[in-house]
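Here it is, the structure, as structure tokens.
Chain lettering (A, B and C) follows the sequence in which the chains are written, and residue indices restart at 1 in each chain.
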Amino acid sequence: MLTEFGRVLIFFIIGAVFVAGGLVTAWLIRPNRPYPSKLTTYECGEVPIGDTRVRFNIRFYVIALIFLIFDVEVVFLFPWALVYSQLGWFAFVEMVIFIVILFVGYAYVWRKGDLDWDRPAPKIPTFEKGVGVREDHLLEEQVVGS
Amino acid sequence: MDLFDIVFYCFALIAVGSAVVVVFSRNIMYAAFALLFAFFGIAGLYVLLQADFLAVTQILIYIGGILVLMLFGVMLTNRVVDVDIKTGTLQIVPAAILAAVVGGSLSGVFYSTWSTVSGTPSDVATTTPAIGEMLMTSYILPFEIASIILLVALIGAAMIARRKT
Amino acid sequence: MEFFIISVIKIVIVLLIILTVVANLVYVERKVSAAIQNRIGPNRVGPWGLLQSPADVLKLFIKEDIVPSTANPFIHSLAPVISISVALVTFAVVPFGGSVELFGHQVKLMIADVNIGVLYILALTSLGVYGVTLSGWSSNNKYSLLGGLRAAAQLISYELSLGLSIIGVVMISGSLELDRIVEMQSGFQWNAFLTPIGFITFIVASFAETNRLPFDLPEAEPELVGGYHTEYSGMKFGTFFLAEYANMITASSLIVTLFLGGWQFPFLETFGLPAMMATVVQVLTFVTKVAFVLFFFIWIRWTIPRFRYDQLMNLGWKVMLPLALVNLVITGGLILAGLF
């Protein structure tokens, strides 16, 4: 068993050497001519406004929490699946109980809306009579003015 | 000192060294990142102990689950990434007590089982089927209780997270 | 020592093959997309544009590497390396043929015959989150951060269905070794036919895990510029690009290995070929199957529009997860009924 994991380690090391070789070669032959505006972050050509690290939607955290619980469940299921065909009905019933208990929790978070993703209500643009015409007119004026 | 020992000390060094970085880093993001390597080193040690299932579970749950949760926590907390965190001597008394309790119980286990463990583990094929059989026979009750604990954790986590919003 | 040399030779060969295939897969994708959209595609560099990929790689090597001054340079450089390592190391457990007799040794045509191969794959897949999240965070760019966070949430959501659909396969084969799983699928006893629901959930989850369209929300161009790799240029960008295609190859190989019979050529043993020939046929079968799945990946990308983010999360949590659980119960029932 150890020899096989040893091979994985060797694979990892050789792979890392390959990738590092590529990056180092590029580092040796590429030009390096930085100036301040080149080193700003990209924001569609504008000067970046405000702080990048803004607060995020708590949904991401909730999703990660729920994921963690189910991840543990998946890990429990693997040893069971491995011996399943030898143990027969007993293992089947045991696992159905296990899954059903967790399914209660799943149904709970679904029902309480923790799996729903926030989505702003769509704004359907409304038009009044004559508005479109007036805007066309403004547009023409702008083109002429510029 | 053969290859086995060299690999063992490498993984041990990774685990302990990263743990030191976790404790003393001023940047919380670096601390989280070092934790990744600490978990990885421990997974390597599990492999050397022939505990293949445990090693993979360590990566799957701790690195792929818990640490992702921590990263999200760090990113969700406004400006915490830029703030220098104090890793000084703020709570030295509780820390010392906790460290003494954990260290004491660990060394207690270590010395009580020391005589029964003989040398390096023999090269077993795989531990996973044995774990599956044990879970389905001798440890059936803990197994089902685990699912109830997971259920409670799920509902509790969802409720706490919902209250914050 | 001998073991060491054989391993190193195998690894270097496999790595070279993967990297070559990756570079040319970009060309294939561009040609196929051109055919689908009734265009010509790359045709200037070399005959039929065949030298396009080497030219692209050369270009990436000599491009300047621009790191924003507000970025975190250490993590910024490490993130692409994590991405590519995860993509490559997963390939270590994929068997691409039976075993051959070489210089008096029985050599298995896989790099590492890890006895918990399936779990190993899942563990490495779960590491894929770090490349995108850390690159998004370290760039200090709003688009990168949004892309990275989205990617992380997407990857963990679909990882569950991925794991659950593999469990069905493990139940049927009673083994976590990929080699054994392939051997069980002799003839046309492919797992794709035995657990069709698991096959579908696995493919969908694979698409999501490789960030391919229709799941390429992390780098959705119209809204997030380049997503998590907006601030990457030169060879570091190239590494991300390489990782994406390497991931695609790994995912295709896993689909083939777990569900489509791996290197098994149906009823090959009845032809009575000599051992060496049989191995060659097996490897060719594996390569052909992987090529078909890769083509399927490309085909889907240029046919189907992108999901909206809430649709993607709903699909992952409210359709795929229950479906994968139902598949487990169905597979369990069928095994008890003695059908497999």
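We adopt the following convention: a residue touches a chain if its C-beta (ideal position, glycine included) is under 8 Å from a C-beta of that chain, and two chains touch if they have at least 3 such contacts.
Given the structure is predicted, the values throughout are model-derived calculations rather than measurements.
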Most contacted chain pair (by C-beta pair count): A-C
Quick check for the class: compute each chain's Cα centroid; which one is farthest from the centroid of chain B? C
Taking each chain's centre as the mean position of its Cα atoms, how many Å separate chain A from chain C? 17
Quick check: how many Å separate the C-alpha centres of chain B and chain C? 28
Inter-chain centre distance, chain A versus chain B - centres from mean C-alpha coordinates, in Å: 24
Going through chain C residue by residue, note those that touch at least 2 other chains and give them in order. 114-115, 119-120, 122, 126, 145, 149, 152, 156, 159, 176
Where in chain A do residues touch two or more other chains at once? 1, 5, 53-54, 56, 60, 64, 66-67, 71, 78, 81-83, 106
Where chain B touches two or more other chains, by residue: 52-53, 57, 60, 64-65, 68, 72, 75, 125-126, 128
Chain C-touching residues of chain B, taken from the complex the two chains share: 29, 33, 36, 52-53, 56-57, 59-60, 63-65, 68, 71-72, 75, 125-126, 128
Quick check: in the complex, which residue numbers of chain A touch chain C? 1, 3-5, 7-8, 10-12, 14-16, 18-20, 22-23, 25-27, 29-34, 36, 38-44, 48, 52-54, 56, 60, 63-64, 66-67, 70-71, 74, 77-78, 81-86, 88-89, 92, 95-96, 99, 103, 106, 110, 115-119
How about chain B: which of its residues touch chain A in the complex? 4, 7, 47-48, 50, 52-53, 57, 60-61, 64-66, 68-69, 72-73, 75-79, 81-82, 123-126, 128-129, 131-133, 135-136, 140, 143-144, 146-148, 150-151, 153-155, 157-158, 161-162, 164-165
Going by the contact rule set out above, which residues of chain C touch chain B in the complex? 72, 75, 114-116, 119-120, 122-127, 129-130, 133-134, 137, 145, 149, 152, 156, 159, 176
Residue numbers on chain A that touch chain B, as the complex places them: 1-2, 5-6, 9, 51, 53-56, 58, 60-62, 64-69, 71-73, 75-76, 78-83, 87, 90-91, 94, 97-98, 101-102, 104-106, 108-109, 112, 114
